[in-house]
Amino acid sequence: MNPVNYLYLAALLFTIGASGVLLRRNAIVVFMSVELMLNAANLALVAFSRLHGNLDGQIIAFFTMVVAAAEVVVGLAIIVTIFRSRHSASVDDASLMKL
Amino acid sequence: MSFPLLTAVAALPAIGAVATAAVPAARRTAAKWLALAVSLATLVLAAVVAFRFDPGGDRYQLTESHTWIADFGVRYELGVDGIGVALIALTALLIPFVVLAGWHDADPLEGTEPDRRWRPTQGFFALILAVEAMVIISFAATDVFLFYVFFEAMLIPMYFLIGGFGDRAGARDEGEAAKQRSYAAVKFLLYNLAGGLVMLAAVIGLYAVTADQLGEGTFSLQAIVEARASGELTMAQNTERLLFLGFFLAFAVKAPLWPLHTWLPNAMGESTAPVAVLITAVVDKVGTFAMLRFCLGLFPEASAWATPVVLALALVSIVYGALLAIGQRDIKRLIAYASISHFGFIVLGIFAMTSQGQGGATLYMVNHGISTAALMLVAGFLISRRGSRLIADYGGVQKVAPVLAGTFLIGGLATLSLPGLAPFVSEFLVLVGTFTRYPAAGIVATFGIVLAALYVLVLYQRTMTGPVGPGVERMPDLRKRELAVVAPLIALLILLGVFPKPLTDIVNPAVEHTLSDVQKTDPDPEVEAAK
Amino acid sequence: METLIGLLVAAPLLGAAVLLCGGRRLDRTGHWIGTALAAASFLLGAVLFADMLGREAGDRTLSQHLFSWIPVGGFQADVAFRLDQLSMTFVLLITGVGTLIHVYSIGYMEHDERRRRFFGYLNLFLAAMLLLVLADNYLLLYAGWEGVGLASYLLIGFWQHKPSAATAAKKAFIVNRVGDIGLSIAIMIMFTTFGTFAFSPVLESVGETGEGTATAIGLMLLLAACGKSAQVPLQSWLGDAMEGPTPVSALIHAATMVTAGVYLIVRSGAIFDAAPTAQTAVVTVGAVTLLFGAIVGCAKDDIKKVLAGSTMSQIGYMVLAAGLGPIGYAFAIMHLVTHGFFKAGLFLGAGSVMHGMNDEVDMRRYGGLRKYMPITFATFGLGYLAIIGFPGLSGFFSKDKIIEAAFAKGGAEGWILGGAALLGAALTAFYMTRVMLMTFFGEERWRNAPTPSPKEPSVEPAAETGGEYEVPHPHESPKSMTVPMIVLAFGSVFAGGLFSWGEAFVHWLEPVVPFEHGHPPVSALTVTAATVVALLIGVGAAWLQYGRKPVPALAPRGSLLTRAARRDLLQDDFNHVVLVKPGEYLTRGLVYLDHKVVDGAVNGTAAAVGGLSGRSRRIQNGYARSYAVSMLGGAAVLVAATLLMRAV
Amino acid sequence: MNGTLLAAASTTSTGEAVQFWILGTVAVLGALGTVLMRRSVHSALCLAGTMIVLAVFYLANGAYFLGIVQIVVYTGAVMMLFLFVLMLVGVTAADSLKETIKGQRWMAVLCGLGFGILLVGGIGNASVGTFTGLAEANAGGNVQGLARSIFTDYVFAFEITGALLVTAAVAAMVLTHRERTERRDTQRELAEKRVREGKHLPPLPAPGVYARHNAVDIPGLLPDGTTSELTVSETLRSRGQVRDVSSKALSDLAALERRTEEYLGRGESTARGGPDEGGGRDVRDAADVRKDVSDDSPAVGRDRDADRDGDRDREAAK
């Protein structure tokens, strides 16, 4: 099997995740989609590391996971606070970036 | 290198500005005195510069040169020729009067005692000193980039001076006044920035050209001029013309030349009289000065190419400005349009490319500075008394405040360049210098004289003569402080009008150099008269 | 000796400076200081005159180089004086008459609280006028030229609280400015042509340049002269200038300043000799103006305006003479001097009359004053005889010579000019007789209240005194006023005879002002006879109209010409229609244009940018997701870019 | 273990290919599910599935450590966190997929597709050879290998990420922890507050009462015959299940009662001849009753179906 398939898969997942971010209003789902994208990236990294036969790819994937974890923690906390204040988890409600 | 005199002249007001700004809110008066002292000290230093300057010596003197941004060949290069000396002296001379005239302009309104942090008075005088410092640097800079930086930096303090300290007498209610003021300030800023950015492009272009031809690029005026003279730097015709336009546009906005003039009446009308003087007598001079030093020095061929158009614009400015001055109802706007007309004369003289024209133009810069300062400041005193800028609100002032009226008249006569007062010398030189090469232009410009008489005398008649108007009856005459502002200026006007030789001696060699840059010589008289 | 020349100018200048800056503390003594300094400069002039007589005609020219004024490149303007016979004549006239009028003003301005400033202005005028006649180059002359303009502006508008005075002053200055354009352009042409504008080099080498240049210079100088000397077409300011105090009218607008134009033309004689066209222009202007002024003078009821008209017409004579070339120059100056005497005398007389008639100027409100103010009557009468050229008095000699010279011009031109001059003489006789009769003879019309006519603004001063009319008590003026009048009267009687005694005056001037005898087609005696006849006709006509039948207290409507003449032959209306109105429309239009178009373009650009950003602001809808879309789009673009990079 | 070691080798066995194609499909489906499910819980579950699949892929690619971490950290911790938050926010909330921002969907699809296609295209013309394999890299064991380079080459990054984690933890606490700063109001203060705000002070009146039957969803009638909002509970009002019967004729009421009872599956006896009388209006009422009953908890929905069956039986019985 051609290793490029893993990359195709990663690309596919990434794109799906991206469109999820764009299409969903629920902040949590958006977050999940982001996670999906990160995972896709990780997959690609892992595949690369096997491709090139060294572990750097895996290490970067590892760091990605760590950062992702941190990001999730903070992000979810933010979502919770927002939800508390305005009783909705919709990203569109927090449209204060408007001029 | 000896004591960096020029740096000192510029640094002194800069430091003074910081110090003034630092004065605590309660000590308002202390700030005023500090500002006055600093400006006077600067005047002394400028006088030292003027005396150390040897007209017979080489072109640029008191030069300083340090690397600034080595990667781009930007150097901190200062140096003055006669023109620079004259204008630095003018600046240093006018600032004390501006400070003195604006003594109460930035006081908090009656009753309202501003809180500790908000210190308008300190800010006002600090900004004035800051402007002085920047103007002096740009008169002394012989490095194009250095000049550009300060040419633009000047806008910042000016913006705040115009927008922040408007003419309280100006408008009916404070809100509307503030609106007008910020409009004027923003207009001033955007207008000049627009010009300045075009110039920036040209500056970069110049660097590119030099870097392309001289190996490593430079901004040094002298280096470029020498390279051009020695032929090791040759610009393609179109390149030179584009660069020239880039520079000229910025200066034409600053100067201001028709049709880029519309910011001046707003700025001068809305700002307090001292600030208006700062604008028209000091800051705008940088524009005309830069035409003389940079446009002609860096791009001789292009200047020659552009001359017809520039002359036409200058003539339009002269006549147009005068006619609009006649049509004004607002004293300060009238003076502003008069200045536009005078700047037309200056540009005319510069591009007449004769020693009389350019010498006259340089004198004109100085004289116009002094005369407009006199007229504008007296007008400011008048307005502060009556609380209105409209000519129609005055009448018969001469009867209640003869000294004020007298000084106003003298200022006006200087503006219409009466012989015996300084502006006559320069205006006539410009006219003659133009006539010798472009008779038609000279004749057209001469009509500006009549128009000048018209707007000055109409203004004087409407405000000062006739029966005493309402609101004028109780008008007090000039106070000691105000007299201390006006009297020296008038004395100077008379002195320079009767005996301008010291000034011409300083200026002439510089003009000769400039003419040699553009490879022009005065046309010879057709008949060599029996001497 | 040379150094005295500088002092000549310096003395009155010092006076002006002291009086104008001195402040109130000088109010009590100011007029004495002013008079003293004027007298001082007159004495200096006298000393220099004596010294000049001491040397023989060849080297009577003194010159003093004070300092270099404006040295720029080839442009070398010096402050240098040149005192030759011509300027000497003027110096004496100016300082002499000036001093007398200072004395006169002491009395005349007694009750004016701003008398100090008045004397300051007078001194300023003297200084400027002396500068004008003493300058040895055209630029310095220009300085004096504008200086006298300024002084006249200040003095006409001396009673600034009167709007009419302020307007008149402004008008005078501006019309003069128009003339000054001529002078400055002339100087420019000189500099371009000769590289200098000092008298001697220019005048010597004017022959070397083409006639075209000479003509241009000449015409420009003529324009300047027209402005300063109130010659057609720039004559309109003189009549209004009578708003000023009478001594001013006497000194500036009769004796000295207005004659500066004649001085300029005579001084630049060489240029005009080289330019026949310019000369023709000059004589035309002179002839037209002398008739113009005379006609205006015939119609006016305001005594000062009549005298103004007559001044205009007399200066017309001088210009005419000056335009005739060497045959006329000397006589122009001679008439100038004599005119200086009698016209100043007449004005002072008029002033004295007004002084006694509480500032009434309408001659129809006079009448029978001769027994109330005998001295004024006598001096005024002598002046009258002089100006109408009564044989034996000074006016006779000078005017007669001019008429001769006019005929001597030769050809049709000569006849026309001569005819005009003769007609002018007749008219002069007419209107001066009219003045005499209306003022000093006939019944005393001032006893009964006036019926102010709207048409004639000159009755304003009387109306000002309030509703009820208090009968004036005509009385003789104080010594300080009568003495100068007497002196001037002497001058107007004897000066002419003195000057033409063996053509003394002509020979005195000859070294500087070329002279040659003109040969009229008919004998000089015939011309003189004709002049006398004309004079008698004029007097007779005036007597028929104003001597025999009583003068109506209210001006009759009069013929079309009369009415036109009352309105100064519509000169102001002409200017109004041709210059003022269009000018106003032009400025208004330009103001509108500047606001709407020039500035509108700027603001339009600003508005356009603002609107555009307003539109593009919609993109920033604040929804994180749409920002995310753009991010993804950007990423896509980046990928595409990289791919393309790889592809190429 | 060895098998997977081989699998991580340079060659890819057909087994791995099969695994890839099957699990890959699952992963994509899971991803789609994450994006498309209406209820976020479902999305979360789908995502978890995808992640597990990815974990397997990691293992297959010789990233054992990562595979485990993926399962433990992601599928375990992170997803749990998600679920917790979901619980906090409310599970039942099913957000509609209706797009509110104009053009957003089109733009999204466009960009997404464009991006994907470009990516795929990029990968397509990227020259990806065959796997080098991790044989020697993992020689000393995958974990050891990772550890070595983490603590040598990437030590700084590691430390920084550590710091990042700590910060994140603190941040989460700061953000979510809410401390009551002001004292809680005493009962007295609350009472006074009520009075001050002019709320309804006495206990709320009871709902409408009838001779035969009383119901919480029937508002009581005021003396003038109009209904009083106060008598019905907030929830019913907001659900719109209030039945205003003030204007109904008694017969209608009877029909109404019958319907209700039928729905509640009580004694048929009362339900006799229900359809005959009343006619259309009954149907209407029935309809809105159904509406009322519907769209709350599925349980209700279910026994409503049961009723229908019951009806059918009855038709058959006739």
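When the chains are written out, they are named A, B, C and D in that same order, and each has its own residue count from 1.
Note that a contact is a pair of C-beta atoms (placed from the backbone, for glycine too) under 8 Å apart; a residue touches a chain by one contact, two chains touch by 3 or more.
Bear in mind that the values here come from a model prediction, so they are computed numbers and not experimental data.
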Next on the checklist: Looking at chain pairs B-C and C-D, which one is connected by more C-beta pairs in contact?
Outcome noted: B-C
Checklist outcome for this item: dist(centroid_CA(subunit B), centroid_CA(subunit D)) in Å evaluates to 73
Item to check | Averaged-CA centre spacing for the pair subunit C and subunit B, given as whole angstrom | outcome: 37
Next on the checklist: Rounded to a whole Å, what is the gap between the Cα centroids of subunit C and subunit D?
Outcome noted: 103
Checklist outcome for this item: Per the C-alpha centroid definition, the whole-Å distance linking subunit A and subunit C comes out as 95
Checklist entry - Can you list the residues of subunit C that touch 2 or more other chains? => result 621, 623, 625, 629, 632
Item to check | Junction residues of subunit D, two or more chains touched | outcome: 101, 104, 107-108, 111-112, 115, 119
Checklist entry - In subunit A, which residues are in touch with two or more of the other chains? => result 18, 22-23, 25, 92
Checklist outcome for this item: Full set of chain pairs in contact is A-C, A-D, B-C, C-D
Checklist outcome for this item: Given the complex, residues on subunit B that touch subunit C span 187, 190-191, 258-259, 261-263, 320, 323-324, 326-328, 354-356, 359-360, 396, 398-399, 406, 413, 418-420, 424-425, 428-429, 431-433, 435-436, 439, 442-443, 446-447, 449-450, 453-454, 457-458, 461, 464-468, 498-501, 504-505, 508, 511-512, 522-531
Checklist entry - Which of the residues in subunit A come into contact with subunit D in the complex? => result 1-9, 11-20, 22-26, 28-29, 31-33, 35-36, 39, 42-43, 46-47, 49-56, 58-59, 61-63, 65-74, 76-81, 83-84, 89-90, 92
Checklist outcome for this item: Listed in rising order, subunit C residues that touch subunit A in their complex are 617, 620-625, 627-629, 632
Checklist entry - In their shared complex, at which residues does subunit D touch subunit A? => result 8, 10, 12, 14, 16-17, 20, 24, 27-28, 31-32, 34-35, 40, 43-44, 47, 50-51, 54, 57-58, 61-63, 65-66, 69-70, 73-74, 77-78, 81-82, 85-86, 88-89, 95, 97, 99-101, 104-105, 107-109, 111-113, 115-116, 119-120, 123-124, 126, 128-138, 142, 145-146, 149-150, 154, 157-158, 161, 164-165, 167-169, 171-172, 175-176, 178
Checklist outcome for this item: In their shared complex, subunit C is touched by residues of subunit D numbered 101, 104, 107-108, 111-112, 114-115, 118-119, 121-122, 125
